[in-house]
Amino acid sequence: MALTLGALADEIGGTLQNGDPASEVSSVATLQHAEAGDISFLANRGYRKFLDSTRATVVILAPEHLPDCPVAAIVTDKPYVAYARAAAMLFPPPPDRKGAHPSAVIAEDCSVDASAWIGPHCIIENGATIEAGVQLAGGNYIGAGSVIGPGSRLAANVVICHGVVIGSRVTIAAGAVVGSDGFGLASENGEWVPVPQLGSVRVGDDVDIGANTTIDRGALEDTVLENGVRLDNQIQVAHNVHIGAHTAIAGCVGISGSARIGKHCMIGGGAGIVGHLEITDNVVVTGMTMVTRSITEPGVYSSGVPAQDNDSWNRNYARFRQLDKLARKVQKLERLLSAGKGGEPV
Amino acid sequence: MALTLGALADEIGGTLQNGDPASEVSSVATLQHAEAGDISFLANRGYRKFLDSTRATVVILAPEHLPDCPVAAIVTDKPYVAYARAAAMLFPPPPDRKGAHPSAVIAEDCSVDASAWIGPHCIIENGATIEAGVQLAGGNYIGAGSVIGPGSRLAANVVICHGVVIGSRVTIAAGAVVGSDGFGLASENGEWVPVPQLGSVRVGDDVDIGANTTIDRGALEDTVLENGVRLDNQIQVAHNVHIGAHTAIAGCVGISGSARIGKHCMIGGGAGIVGHLEITDNVVVTGMTMVTRSITEPGVYSSGVPAQDNDSWNRNYARFRQLDKLARKVQKLERLLSAGKGGEPV
Amino acid sequence: MALTLGALADEIGGTLQNGDPASEVSSVATLQHAEAGDISFLANRGYRKFLDSTRATVVILAPEHLPDCPVAAIVTDKPYVAYARAAAMLFPPPPDRKGAHPSAVIAEDCSVDASAWIGPHCIIENGATIEAGVQLAGGNYIGAGSVIGPGSRLAANVVICHGVVIGSRVTIAAGAVVGSDGFGLASENGEWVPVPQLGSVRVGDDVDIGANTTIDRGALEDTVLENGVRLDNQIQVAHNVHIGAHTAIAGCVGISGSARIGKHCMIGGGAGIVGHLEITDNVVVTGMTMVTRSITEPGVYSSGVPAQDNDSWNRNYARFRQLDKLARKVQKLERLLSAGKGGEPV
């Protein structure tokens, strides 16, 4: 597929500069590796150094970089969004398939839309509903009574347990599990009694769920992901968690039971969220941070500890183990000096 | 299904107060969302505030909360355990299936009990044993010579590698892997020589294994989970780990090779356990803690770092990087003051 | 299978001492559990205490332990490598299978070598290439156009997405996902626009990928694992990451997008690597460390925080929250003392 620069600028909402609107582009590449016929983009200052020598046919960039662009440019305030649109136009997803592969096992009382694709070795249990245009790649398990909303795409070997509701245009990457039992245990005489997990999971529209991510069903009420939530790979979402709209969560995050995360939050990779707390909207949690209390003010929160060379780390950590004692010593020194100076506070 | 309050109190071992033993309940709900016909419970102080206005037909609670309960109550010292029993009575698991789906691929020399269910697209390799009442949901792989004990339930796409022994009434959630090769490597001239992993995994009775959790086989001897161990989702158990009876481990924990964890321990989410160490019985490790040495005394152990606002964090962490220097300065100040005061220790 | 001690010493490159070259061994065991007929080994000082009483027929060990060995010994500078070779000889992997199980679904235009095995319920999409001797255990999904190199072994339920290239003799454990979409999002008016992920994943030769590990495809260029990389379970490798040859990474590590890790590195369990940075060759990162900046010097780097008893931890952490203030107090004390002493620096 090829696009003219004029059509491209129109479609992605930018202004073509220093270029022939009839020139054609057919692919995308980074600034440093682009060749003639490629679209490139500049969205991260770290890559500014590659602009001067780019061989792209056109570069999507912000107005301040236009003077330095050696080739045609499409100028926009949001170059990364504009690039995303351009790439999606040139590389649409493969065409949808329809029907069901003969190896799929579909219970008799399911509702499967004729425009959906049920791939090889899928299992659709009793009473499930597969809506228009759904694409199940293969090896998927859809539990009894679950609903997969229109246009959703499940990669291979995704498991949706019983009674789960997935919205429209949701993408779920390979190996993810939605609706597994929450980790509910009651203690009796030193042993654990499992607590039945009777809620489910409700996933809104335009949600992404990453590879091997797991989302547990609620104990009594539902675990909820609102519209536009984006989850990376290997995330664990425990029972009764509620994630607000348009919140993005990076890989390897663990969210404990009944935590409530606001809208438009960003949670960095490897962070941990303790259960039964609330994080307000527009909060950023940086990587490997542990959130142990509710956060009521928007802002950036951290506790991820940056690496040092091992010798420095060991010396500093040895002092940390005695930090309370060190602070007491400083208090004592303050008192001594204060006494020596007639008692004024130092 | 419905139960009378009288029958319910008898079954779960509590005392009915302020209620008609012939009243019926048929569902369960939280205090704040319960309606007529619902059982609710109060087991966590944080939810005490919802007791006054509950519309549940009956609340399971501890004696100290009885005076504040506006509706019928079932009084017990263990309200959460009693609730778990009530919920299990009202919502039993779906009835067992028997036989094998025609799409299952079962090697000829397997032993499959007639009361077990082998779901669609399962694969049972040579010499495996599937005991009475086992339920394999679908897409399961049971490796050569493995044994799945009576009453165990495997959700969709669980993989049991070869030679693994699973006990009775074990539940394994979707996507879990039991018996993958341990990470054993010998270094030679800067390259890695894989070390054959010749042990297996032995899982006791009444064990739960969470979604996408992985348990590696031993290098020479077996990786062992004793009876009643409860593992949440996304846990990694390395080769030759031994986990004692009735220990519960929350999500995203990593346990390195040959670590030995005692009985009745609780390990918080995201914790890491270094290899070749021993943790005694009745130890609690809080979330995101790293255990680097053996723990010989029961108690609570921590190193998870709670979040601060990012500015405070950066200022404090910058000081931490110089903590050893700071401690030396304080020592110098102590010496100076001590000298100034004739040498007595400050 | 049985080997004579003479043949064994020849094969693994060691010198037989105090033993009859015609004696036979047929199994392997730890020093403490070995019986007659077993090979054992001493590679970790922690197990030295079991040497005196071992009942192994022969022990593989380094020269300095020979005087203390009560049985026959094979002496070598690399006892663990030699043991790995011995174990691999006595316990070769099960014989390869050939052909395709009739339940496998193989697109018509694939290239499948006659010596490969396509297990039950596998799915091979259009244009995939399965080379000589490949073993697909069952339930595997091989996406359109992907290549699985000669001799590679995929355990059950591994998913390889489209366009991925896997080298020779690669082993991939159950549930791993290679080639899922990277987590690429552009922000527009508070919502997320997905950025098409148009690169792929290239995996070199002799690579191991652990159970439920996930490796995302690149955004524009490829995610790359060079030859001999060894990945444990539950690792997340984000888009455009590049991992150098013979680097070994332990379980539960998360590597953010476009990070570049050198050759011969070792990354400990639960570590996190921030994106868009570079780690040079021969770097060791210890467990649960967060790498936030490029590392340009070989060496050992740490920030994993060892556990303390909870009371000590809480006291020390409370001081840490005020560490910047404490450091300012110490500076003030220094100034006061310096002034009192005529202004010389203390």
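Quick notes
Chains: A, B and C, in written order; residue numbering restarts at 1 for each.
In this section, a residue touches a chain if its C-beta (ideal position, glycine included) is under 8 Å from a C-beta of that chain, and two chains touch if they have at least 3 such contacts.
Fair warning: this is a prediction, and the values are worked out from it, not measured in the lab.
Two copies of one sequence, chain B and chain C, touch each other mainly through non-matching residues, since under half of the numbers at the interface are common to both. Rotation angle, chain A onto chain C, C-alpha superposition: 120 degrees, expressed as a multiple of 5.
Remark: chain B and chain C have CA centroids separated by 25 Å (rounded to whole angstrom). Touching of two or more other chains is recorded for residues 103, 121, 139, 157, 175, 212, 234, 252, 305-306, 308, 320, 322-323, 326, 330, 333, 337 of chain A. Those residues of chain A that touch chain C in the shared complex are 28-30, 33, 43, 46, 78, 80-81, 83-85, 87-88, 91, 94, 101, 103, 119-121, 137-139, 155-157, 171, 173-175, 208, 210-212, 228, 230, 232-234, 246, 248, 250-252, 264, 269-270, 287-288, 304-310, 313-314, 317, 320-324, 326-327, 330, 333-334, 337, 341, 346. Taken in their complex, chain A has these residues touching chain B: 103, 105, 121, 123, 139, 141, 143-144, 157, 159, 161, 175, 177, 180-181, 183-188, 190-196, 198, 212, 214, 216, 220-221, 234, 236, 238, 252, 254, 256, 272, 274, 276, 285-286, 289-293, 295, 299-303, 305-306, 308, 312, 315-316, 318-320, 322-323, 326, 329-330, 332-333, 336-337.
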